[in-house]
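Below you'll find the structures, each written out as structure tokens.
In what comes next, chain A is part of two complexes: it sits with chain B in the first one and with chain C in the second one.
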Partner chain A sequence: MSGTHSSLPAPVARVWEPLLERSRSKRALLLMAPLLLFELLLFVAPFLILLRISVTEGSTDLRYAPGTWSLEGYAEVFSTDVLLSAIAYSFKMGLTATAITVVIATGYAYAIWRAEGLLKSVLLFSVILPLLTTLVIKTYAFWPLLSPTGTVNDVLVSLNLISEPIQFVPGTIGVIVGQVYIVLPYAVLAIYSVLSTMDWGLVEAARDLGASRPRASLEIVVPQAMPGIIVATVISFAWSVGAYAAPGLLGAGDDLAFALEVEQRLLSNLQWEVATAYALVMLLLMLVSVAALTAVLNVFGGEFEYA
Partner chain B sequence: MHRETIEDALFRASYLSILAFMLLPLAVVVVTSFAESGQLLFPPENYSLVHYRGFFEETRWISAFDNSILVGVGTTIVATALGVTAAFGHELDDGRAGQLLAPLVLVPLLIPPIILGISMRVYFVRAGMDASYLSIILAHTLWATPLVYFVMRSVFSRFDWRLLDAARDLGAGPIQSFVYAVLPNVKHGIFVGALLAFIVSLQEFVMALFLSSHNTETIPVVAWTTLRQSLDPMVSVVSTFLILISIGAIAVAAIATNLDWLSKQLS
Partner chain C sequence: MSEITLSGLEKRYGDTLAVEDVSVTIDDGELLCLLGPSGSGKSTTLRMLAGLETPTDGTIHIGDEDVTDRPAYERTTATVFQDWALFPHKTVIENVAFGLKMEGVGKTERRERARGMLERVRMESHADENPMNLSGGQKQRVALARALAVNPDVLLLDEPLSNLDKRLSEDMQIELREIHEEFEETFVHVTHDQDEAFTLADRIGIMAEGNLVQVGEPDEVYENPKNRFIEGFLGDTNFVEGTVERTTPDSIRVETELGREVVLSTANPDALTEGTSLTLSLRPEILSTESAESGSEDDATGRPALADGSTTNSIVGTVENVLYRGSTVRYSVAVDGTSMFVERTVADSGEFDAGDEVRISWDGADVLAFRDDGSRVDL
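Let's turn to the complex of A and B:
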């Protein structure tokens, strides 16, 4: 663009160029404005209202008492055992699911990265298809597989590995398997997209210098993939802690997750001040632990030692 | 050499077992949809199309199907319009607005849908818009727009901007130059972005569950409420339809671009 206008006389160009720049950025702003406005109206504003309702008084005939100020909601959250133990359950389940997911995802992303041709397409397809399938199907699919009359138990019993069917579903094992299945595609793709920019020559150099293959993978590939592993951890953790479908459909009576409790307070009990306070407490705890997780992983990313 | 063979075999066995883990649950759902009995068993004892016949006779499923399409198309239109224009603007000028926009668009994806669902429900009930199609479309747009936006950023960053400048220099107006110089080069990207937006909306259920009523419930919502009462093989039928739609969308998107590029956009 500057090529055209450099033929203008110097004084004109001096005035013209900044004007052109400004009109360009004004047009850019105009193009970005609708989305900015949308995010403000549909994301920021609802959160501010959520925040405001969490500090109102409860009301028996309405969902909350508008215009009042009170910390009742928060007091109820911190004094109710069911609500607190649901948070603890969600964190335990989330950490377990995240740890399993990230380990499997790293290996699978590595396999996709190394694969070629049809195999690579098949592996990528196996990740994208579950990613584009609704949570409901992804959790429901484990009923015929993991229930006491399910396929896995049939196989285990007929192989005489177990004498009695084990109740994976409904139960905590089922919840974790389902949750891993839900977040695994996102984790694999996050790691794969980082790996795909990596130079395979580095691993070969390590091999040439005498590293065994598992050692070369762990010492070269894992640190390089760290940015992707961190993203995978954050996504898996955030979604598993807030998981609703897996504990709701695959869980037993004692698999009371945060999401199920908050739904009940909001939709059945109509205690909006409690539900909103509860959601915000959970979100805050989640942000703090995501920050802590990222910090820990960053340390590993900086100087990864494999003895 | 012997050790390497064992390592190779182990490596292959482990990724193939993960491959099975990824695809088996979906295969199970498809197979159980052809079961004859009303019990959910895999593999089924006898096969028939009885549940498919049942699906087309049940008005609740049919109207949920219509609702899903309506919400999906609405979401696609809004998300594509917002995402494409914003990504285009961001490429024109990477100013302060752009630096604010990228994280703002991304954050909703990282917040658990249950918390977004609660904030949306509270918001729309207060606005008197709960249980409307529009509320579900707007909530889904919040999730679909980031995908369109980041796909388009990636597409626009590969676009040769001298083409646009040339069109402007030759006297085309802003809209004319976009339509004739930019659009033909990025239409595949827009198409894939729109397709992803549609699929995201079609499959999303937590926010839809919080925002829909009996009249506006989408397929995943009906599937969920059905499952909470009993394990109905009818859900397998509906799931099979949804899985087929996703496979179709992946195939079309892979033809329009390629699978590797697509998978990097989704992360």
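Let's turn to the complex of A and C:
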């Protein structure tokens, strides 16, 4: 109606223009005010403060030197091997945990989708149940299970599958198991919510046309479930790369995740300019990698709608 | 060779018996319609043929091979589903090419063949569209092309026309007939619509409560229904309850709820004994109707005119309701407390109004009679 053609890139315009249209009404703006205020106070303002601290000078007696301007925090990040290797560790651990989570979650969601009656309820409830337990307890629970004197090693040794107990916890395997366990319910629910709207008749049609069961799943179910798989991947990846609890509770000395380093700089070393610069570099890397992941997954048939 | 033999097919879901006993041989190149009300087991039978359900008893042979336990993807059948089941994330042509892709046909060839099939159903201009944006009739054509593209020995159609409007459905019936003649494949078509079955079928198999009750050519099942259910299902009719009063060597007199005797002609007078209760079927097409004033006088006596041994029956009633049904007019007529209906085409001379006295007459030889258990009396 207004005749103004936006020069914004298409994906941005798709989100922005309906908002613009709606905000012409003062009533809509008024209704959105609490949300805007909430976001402003609890997200935008702290983020700007973080940004400001990251470009200050360090201080020997304070956490940082207020009012100063400097890029030494960033310089420290890029010149400290421990910090850079923690980024590498977090990404490697995050990718591994994400891959394992998404594969298990897809299978599990498929099972819930196909199950009927009581079995379906049991499978669904088993996903919800861990969410009702506090993170620290369920992460610590892997100690009695996976430590060298834990249940899993006892069983493996008594079955003569291994001669010596393996130290899963503390260690990288333990961290990955713990992290997968933390994010799995969210991934399952994200994929299941998409699968549950899918018509089983499509799979039957594929089988009728000569697709074997695995082939039908690959050709029909996976592309259809792709929006859910993308959401599951992004949730798992973002959470796992930024993981704090699993590496902190289940990791060994060399399981130095980025979040643990931030804590170290923030609370022990009192180098806030370094901690904030580190966090912002990580945030940027995360945004880039999530965008890349989504783009890659989109190639596999999921027409993911952004709006 | 794709003759199909079903023998003693049964499908049980827990305590529910979906299909009880279906045995039939479908000839190569035949178009068989499985006709029945919903819940009669016709779709389940089709799904067993497709391999999407495993029968709990009985066998299925396609050609000489026993395919009872063979999975759907290894059968030479292809199905057009009721809701068409087009893959929403694939384009129209990818949908049609899907079966060929599963067979391992190369990309160029399968696209070419899929395009040819789309041309056959006049959908080639929509090849690169998302099937979800098509209309019902277009989806139907794509689904048909997708099933035909794999060149199946048997094409199974599971009520594919039931989601289309009447006009479109009738057009598709004719087109399906043409495609059937062109491809010379065996078609098994499931429907609950009698008109559809009569238009399409070489033979109709009528299903009720999990059983295949009668299989025959359309005119045969219509004119010679095996039982009362089929007579009622294949078209509207007047069922009249009655009791055999007297049998003679060539006729049976039945005392009916119409308040008077109905005379049936018979070549088999021993089929019934006096006192047997019967249901008579008076189809609207055997009834002729005229204004009561022009009729003969003998109706007042309440006796049918049978002096010369003919079995012409007639009764007088009062028009209660007039229902215009497009090309025909249906009159509901009150006769001695019960009511029956007659139909006249609009072209017939003279229309009746509610309250008019009309005389309904018919030839007793055209009446079908059924016993209490639903079985037909062989007159």
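Please note the rule applied: the second predicted complex is superposed on the first by the 270 of 307 C-alpha atoms of A that agree within 3 Å, B and C clash if a C-alpha of one lies under 4 Å from a C-alpha of the other, contacts with A are read in each partner's own complex, and residues count from 1 in each chain.
Please note the rule applied: contacts are C-beta pairs under 8 Å (C-beta built on N, C-alpha and C of every residue); 3 or more make two chains touch, one makes a residue touch a chain.
Values in this document were obtained by computation on a predicted structure and should not be read as measured data.
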Open item on the list: On the A-aligned overlay, A:L202 touches which partner chain: chain B = first, chain C = second, or both, or neither?
Closed with: second
TODO: With the two complexes superposed on chain A, say which partner A:M282 touches: chain B (first), chain C (second), both, or neither.
DONE: first
Task: First (chain B), second (chain C), both or neither touched by A:K92 - done: neither
- [ ] Using the touch definition from the top, say if A:R215 reaches chain B (first), chain C (second), both or neither.
- [x] second
Open item on the list: Counting residues of chain A touched by each partner, does chain B or chain C come out ahead?
Closed with: B
- [ ] Mind working out whether A:P223 is in touch with chain B, chain C, both or neither, as first, second, both or neither?
- [x] second
Task: Partner chain in contact with A:L50 - chain B first, chain C second, else both or neither - done: first
Open item on the list: Between chain B and chain C, whom does A:W239 touch in the aligned arrangement: first, second, both, or neither?
Closed with: first
Open item on the list: Give me the intersection of chain A's contacts with chain B and its contacts with chain C, in residue numbers.
Closed with: none
Open item on the list: So in the complex, the part of chain C that touches chain A is made up of which residues?
Closed with: 50-52, 71-74, 77-79, 81, 83, 85-89, 98-99, 102-103, 146-147, 150
- [ ] Sort out for me which residues of chain A touch chain C in the complex.
- [x] 199, 201-202, 204-212, 215-216, 219-220, 223-224, 301-303
Open item on the list: Touching residues of chain B toward chain A in the complex: what are they?
Closed with: 4, 7, 11, 14-15, 18-19, 21-26, 28-29, 32, 40-43, 81-83, 85-86, 88-90, 92-93, 95, 97-98, 100-101, 104-105, 107-108, 110-115, 118-123, 125-126, 138-139, 141-142, 145, 149, 165, 168-169, 174, 199, 202-206, 210, 219-220, 223-224, 227-228, 231, 235, 239, 242-243, 246-247, 249-250, 259-260, 262-264, 266-267
Open item on the list: Touching residues of chain A toward chain B in the complex: what are they?
Closed with: 1, 4, 24-25, 27-32, 34-36, 38-39, 42-47, 49-50, 53, 63, 104, 107-108, 111, 120-138, 140-145, 149-151, 181, 184-186, 189-190, 192-193, 196, 213-214, 231, 234-235, 238-239, 241-245, 248-249, 258-259, 262-263, 266-267, 272, 275-276, 279, 282-283, 286
